[in-house]
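Residue numbering begins at 1 within each chain, and the chains themselves are lettered A, B, C, D and E in the order written.
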Amino acid sequence: MLAFILRRMLQAVVVMVTVAFIAFLLFQYVGDPVVFLLGQDARPEQIRELRSALGLDQPFFVQFWHFLGNAVQGEFGLSLRQGAKVSRLIAERFPATLELALIAALLALLVGVPMGVYAALRRGSFGSQLFMTLSLLGVSLPTFLIGILLILVFSVTLGWFPSFGRGQTVQVGWWGTGLATRDGWHHIVLPSITLAIFQLTLIMRLVRAEMLEVLRTDYIKFARARGLSNRAIHFGHALKNTMVPVMTITGLQLGQLIAFAIITETVFQWPGMGLLFIQAVTFADIPVMACYLCLIALIFVAINLVVDLLYFVVDPRLRVAAAGGH
Amino acid sequence: QAVRIANQGDALSMDPHSLNESLQLDVLGNIYDALVLRDKDLSLMPGLATAWKQTSPTVWRFDLRKNVQFHDGTPFTADDVLFSMARTQADGSDMKSYTNDFKAVRKVDSHTVEIETNKPFPILPDMMSRVMIMSKKWCEDNQATRPVDRRKGIENAASFRANGTGPYRLRERQPGVRTTFVRNGNYWGKVEGNVQEVVFTPIGNDATRVAALLSGEIDVMEPVPLQDVDRVNASPNARALTGPELRTIFLGMDQKRDELLYSNIKGKNPFKDKRVRQAFYQAIDIEGIRKTVMRGASSPTGEMVGNGINGFQPDLNKRLPYDPEGAKKLLTEAGYPNGFEVTMNCPNDRYVNDSRICQAVAANLSRIGVKINLAAETKGTYFPKILRRDTSFYLLGWTPSTVDAHDPLNAIMSCVDDKGAGQFNLGAYCNPKVDELARKVQAETDKTKRNAMIHEAFKIHQDDIGHIPLHQQALAWGVSKRVELVQRPDNNISFKWIKVKSGA
Amino acid sequence: MNPLLQVQDLVVEFPTRRGTLRALDRISFDIAPGEILGVVGESGAGKSLTGAAIIGLLEPPGRIASGQVLLEGERIDNLPFERMRHIRGRRIGAIFQDPLTSLNPLYTIGRQLEETIRAHLPVERAEARRRAIALLEETGIAAADERIDHYPHQFSGGMRQRVVIALALAAEPQLVVADEPTTALDVSIQAQIIQLLKRICRERGAAVMLITHDMGVIAETCDRVAVMYAGRLAEIGPVHEVIHQPAHPYTMGLMASIPDMEGERERLNQIDGAMPRLNAIPSGCAYNPRCPRAFERCTHERPELLNAGATRAACWLHDAHAEVPG
Amino acid sequence: MRQLLARWLDGDVGYSFRTSPVAMLAAAIAIVCLFCAVFAGWVAPHNPFDLTTLELGDARRPPAWLAEGSRKYLLGTDDQGRDILSALMYGARISLVVGVVSVLLSMVIGVSLGLLAGFRGGWVDAFLMRLCDVMLSFPAILVALLIAGVGRALFPNAPNTVAFGVLILAITLAGWVQYARTVRGSTLVERSKEYVQAARVTGVAPLRIMLRHVLPNVLGPVLVLATIHIATAIITEATLSFLGVGVPPTSPSLGTLIQVGNNYLFSGEWWITVFPAVMLILIALSVNLLGDWLRDALNPRLR
Amino acid sequence: MDSLPLPSGERAGVRGASLEAPLVQAIDLARTFDVSAPWLNRVLERKPRQLLHAVDGVSFAIEKGRTLGLVGESGCGKSTVARLLVGLYAPTRGSFRFDGQDAHAAFRSAEGRKLRRRIQMIFQDPYASLNPRWTVEDIVGEPLKEHGLVEGRAALRERVGELLSSVGLGLQDAAKYPHQFSGGQRQRISIARAIATHPDFLVCDEPTSALDVSVQAQVLNIMKDLQRRLGLTYLFISHNLAVVRHVSDDVGVMYLGRLVEVAPKQQLFARPQHPYTRMLLDAIPKMHDTGRARTPVQGEVPNPLNPPAGCAFHPRCPHAGARCKAERPALLELRGVRVACHAVEEARI
């Protein structure tokens, strides 16, 4: 177990360094921050000066090395545009994104799994056909359009939900949570639905497919032969086995959720990391982009680790394998 | 009375010297005062200075206002002015250009300062309206004597907190999320409005911003996308406030290179030929653009500065007629009977409907046989590229930050040198006569003489068709019906002029 | 004695796109309490289907088209799910072929046992567990009180098959349908399983329907044997007679093709040709194209089960009322 | 050809196609969309990409059946005076090209790497799988965003063709991982099957075994993935347009049309966005339904 | 290691004097699998490397035209031997000489293709050993094409037709896919594929265990016919002793990676020497006395990762003595057969 975690950590480090490297490589091309930093009347020598002061004139590998060295200490420098510590900016925004992603993930799971189960158990029924078809809308409409439509209907026309922002937040330590107040919950409804719809569809279809597979297995047939009730078979046996593969995908999707939050955050002016990132892209704010990407990679790696550990909880076969057996 | 304001962007820092950007300076203008302020009609009015005059061609003297306190209670004195002027020259300051030409700033007494410049500097008071005065003591106490220097990676208290003399104090600051202001009870001046608290929120997405206004979540927002003006006006609780803006949108053409980049014409540069430039000019259906692309919210212009700028010449504000036939003929005369192909660079998120204007222009030009490859991109990549002058044909918008004609004369119409002249003259239009006049304008202190010189320079540029001016875009603010405010053509929202109707 | 199970004219059909396939065609037999009935026949003859039809677990689109299944005289083939559920496991236990896949890998065998016991008998958890341990011991699993908390993958194939048997016997059914319970196993494990089944039968008086390919096992275990061919019953009778004096030509061929341990033959006897596919069953006796002794009547008239010495065979050779050609 | 079709319709897959009205409907929609897209040049009443034909005066006309609509523009016009109907057809072409090409590319890359990883095992496998991890930790939209940005910076002035290339590359890079993982998994299973060993015993070269034996047997899940991926690729393209890095505005894809139209939702000019959205939904829906059907049809256990 | 290379004169299963070397000769063949936990686990959990000796020094020889049967419990290494012989695994120790040359060296060299042509294998599973997406013609034709044995499509078809008819199928089956055949037919297709290249040596790994008796009889008959006609040499693996008895000339009994007894089949079945062989024979269900209980092999199967010291069978052996626990018996020529047992050697049984 320890070895397993250690190995994952090692892999994580490799993955993150690579991510940082690629990210850094890409940044060379996304725009020139100096142009944004200096005002309209900057003279060429000013530009040169700033460039060298920021270390942008050094060879790529030297820059990368510096970046790595600092990143290891959690130091990503100052945002070129906002002049504030990147780590602080991200820390301020991180709770917003994470809360949004978590609520969306919960929504996707809590709605997607039962719907998938229903569609599998009632395969071919009208209700399940309807679910399956309607759910396709979720994957065929761009997120931004869904967001705007939700705003149009629920904020502008009906006035039920606010159209932007996080509402009131409460500070719990460094974590600013919107989930402690009614207002915060009120604000998270539309964005989380927008963000969840795509994943919900995916999870629902996945659960259905897996469930159908599992329902055909011998142990389900045997469970029937033992005279277990349908409830015990479907929810005790089938569902648990379904969740094993579903977990992997859900884990990966959670990572995607955080990334997809960029669009939801843009539409709903949700003050999360995605919004920060997309602004940073517009202004070639390299430190912010780098920190964001590294964080995303970290989250991804962490989620993967958690999923793997969950596997251990769910699937006893793996416990032995990891304990060194075969 | 509280009012909630949304803008598409946010002030990036609370430090008035860290970024020379109009939104930033406008927002901070509510907290900080400059020596000179601008009134509702953009005319200068006393700020922290009660009076100013030129004591010699290179010296200006400012009498400072007495009994003014910073928000933290420290009194305002000449030392603060000296300190602030010096701070604008420190590393990390983005305001250097305003004070670059200063030779010395001298304290005459505790409430009088003198500024000596290298050359005669007639528009110094205009410049001073952008330079905000900070408290020397507060900055020293907070280790903020310089603006934040990003290179060192050290943050600076002044980026997050503020201590000015202005009509509002900063209460809470969450970058990119919300900034809250409260009324400064000790303000030295008169506050016409009745707003006690202002919540300023950036909302980047147009549709969301409109939705927030329509659903009553915000009271004032800027800008209203042109296509939504009608919708806002139709709503029961909001209206759109429109007016001309000082920004002039124009097209530039590369007139320097011997061979045009990104074109199918090899070995020569068609834009060097005035007839080609004129053909382009006359091929553009500016009325069509005004009606459809701008939904009527633009004023076509023939001049590189808008009405409201010092030096605007009403008689020159006439466009060449829209005349595709004539344009075609000009093109044929110039030797391009079948037109030619060229890439046009265009931002897609900087000006009002920018990429759509470009598309319309491209469509117009295709009528005279010119095939435009449109490269529309986000400002993040657009500006670095065109500032490298890596372009043949581009669209740009310009607001003279000093509200004076000298600014575009120098930045856009002068030949390019390495001292900042012609810095945004990206097509390198060059006419020594204009340069000559621009230099004279800068030093001339006599209003009428100066105006005549500006007229002459503009005329030359116009006759050369150095650039193709398109229009002045319109401001469009969305305002709740319970709010009344003053719309200044420079897009400044001053909290002190906002009135909220009671009972609403 | 009254038969425990009666299968009467059972017909199972699969509607497919090329017409309806008759997989079981008027099968009739019965099993007495305490009796072990062996079922043999070529692969695809319908052995497993018969078992599945008895416990009501035909996989759709398969369905019982006509005929009936009676348990102690009570009809069970048309019971609603809930009532059938109480028969499965409680009165009819089932053992499927593959011990590796019949157990849900995610639950301990103890849980699966307890669940089955409690689904049928009104006992407390502790009592169920006690019984589960006893059952495991009965099936010959050493240290049962410890191993009960192990997961299926921690058992060897033979032990797993024993667990499956324990599960099938958990609620003390009167009838056990065992579908190839030893195919995947080694001879020595096979011997253990067969002994176990026999003991259960002897001690509890349960009846067993044992489906297998292995004639050795049949010979060793069963009281009576049913031989199936192409969805029909070819012959049924006491084990010794079926093996040594088969009456149906197919049975004869089958028995002859077994390589035996005593004699020395250069070539095995084989039945030429292959069993017909279900969609092309010849008219008359299904075996007639391969039958060395087929005559004219066999090609157009289907034989019913006829008394043939000690056994009953579906072959016109044994039609007492008709003359049989030389 | 007709024979082939007849044979196919008679086969198992064909039969399940003939008996599934959903699949047939989906196929019909897909064919219509495909037809419009491929033959846009002939079918479309206008050429929306030809700037000379645009009339600014005709901008933002509602569909023909509404009060201010014009017969000339059946589904109305957008803010540039482009005929929506024609733009739909041309846009579908772009979207389909972007979708299909990027899916094909991801498929080729993913399948080859997955095969290689699964078949070779060892460090090749370990390396490729780590690579997948890296790619996965750049969520698709970020990869696309960065690549699109980089592409633009590298080739700033060859907008149309290169912008497409960049877009396709971006979606491809984000997409291949799924294929690689799926194929690797199935390859591991197939590799140990006896028919592969039989080929090895026969002396067939590993590359041939990989391509001729293993590949056809791992393609099933890939096809299903691909049908769904086409829809997601089209939407990714739309999303990138929303973020400002999509295809050039003068030759709008469905995504660009939706994104542009998005701005006109509040002002009541719904048709600019609704028709492209409906078209996109139709394409995605039909492709997905076909994918679903194919998955079931290819599964022998469901027959 | 203690297993002996074959003494040159006396070879197991060699009856009568034959001067030339046998066609197939396995000399101390061994194959070890590294099944250790990954390096990091081993370091952290202080676990040693774990090696699984799947085949641990096996020597036998098969004369041309004869059949050696190989029996033994599940997991004793029969399939591994088969895979070693066809070159799917490389041996960790020992060598396999085929027709006088070192086969594994040849597999690696340019000669490999020729050798591959001569050594073929029939796999256990008639479902898995045929590519489901290929027609029978492609499947059977592949080795022909691969070794360039026929020129042109027509010749190929003709040859495939011949091959199919030699296993009792017809050319009309050539265009079908494997799933359209019954298990026995599929197994025949794989036989046709295996004999396509005119091999000299066929390794059959449980070729009939998935089939029922009547189909099994068909397949076994075809194999025998082929052997008679083409002079094929077989290694025949099965755990069905009756089948082995039917097809083999000699029989080897394996236990935990080693041969414990090799004998001509009459002798082995009539007078089994090794205690394991005896128990195995006792465990066979006998068809002819119905209702008789048989005696299963006692005790649990040992863990191959951690085999008992000395004779691997001693924990289950009724005759085990002190020497059996300490010393590994070598495969010796005793009482006219080759057997590895101290008790037999000491004539205790």
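Assume contacts are C-beta pairs under 8 Å (C-beta built on N, C-alpha and C of every residue); 3 or more make two chains touch, one makes a residue touch a chain.
All values derive from a computational prediction rather than experimental measurement.
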{"item": "Chain hops separating chain C from chain A, counting only touching neighbours", "value": "1"}
{"item": "A-E or A-D - the one linked by more C-beta pairs in contact", "value": "A-D"}
{"item": "Chain A and chain E, separation of their C-alpha mean positions in angstrom", "value": "54"}
{"item": "Computed distance of Cα centres, chain E from chain B, in Å", "value": "88"}
{"item": "Chain D-chain E separation of Cα centroids, rounded to whole Å", "value": "51"}
{"item": "Geometric centre distance via CA averages, chain D-chain B, whole Å", "value": "44"}
{"item": "Residues of chain A engaged with two or more neighbouring chains", "value": "30-31, 148, 152, 156, 266, 281"}
{"item": "Residues of chain C touching at least two other chains", "value": "none"}
{"item": "Per-residue multi-chain contacts in chain D, two or more chains", "value": "149, 153, 262, 265-266"}
{"item": "Residue ranges of chain D touching chain A (in the complex, touch as defined)", "value": "130, 133-134, 136-142, 145-147, 149-150, 153-154, 228, 231-232, 235, 238-239, 242-243, 255, 258-259, 262, 265-266, 273, 277, 280-281, 283-285, 288-289, 292, 295, 301"}
{"item": "Interfacial residue positions of chain E with respect to chain C in the complex", "value": "73-74, 182-185, 211-218, 220-221, 224, 239, 241-243, 245-246, 269, 279-280, 283-297, 301"}
{"item": "Chain C residues touching chain E - in the complex, by the definition given at the top", "value": "41-44, 156-157, 185-192, 194-195, 198, 213-217, 219-220, 222, 239-240, 243-244, 253-254, 257-262, 265-272, 274-275"}
{"item": "Footprint of chain D on chain B - complex, ascending", "value": "206-207, 210-211, 214, 225, 227-228, 230-231, 261-262, 285, 288-289, 291-293, 343, 348-349, 355-356, 359-360, 362-363, 365-367, 372-378, 381, 385, 390"}
{"item": "Touching residues (chain side chain A, partner chain E) in the complex", "value": "2-4, 6-7, 324, 326"}
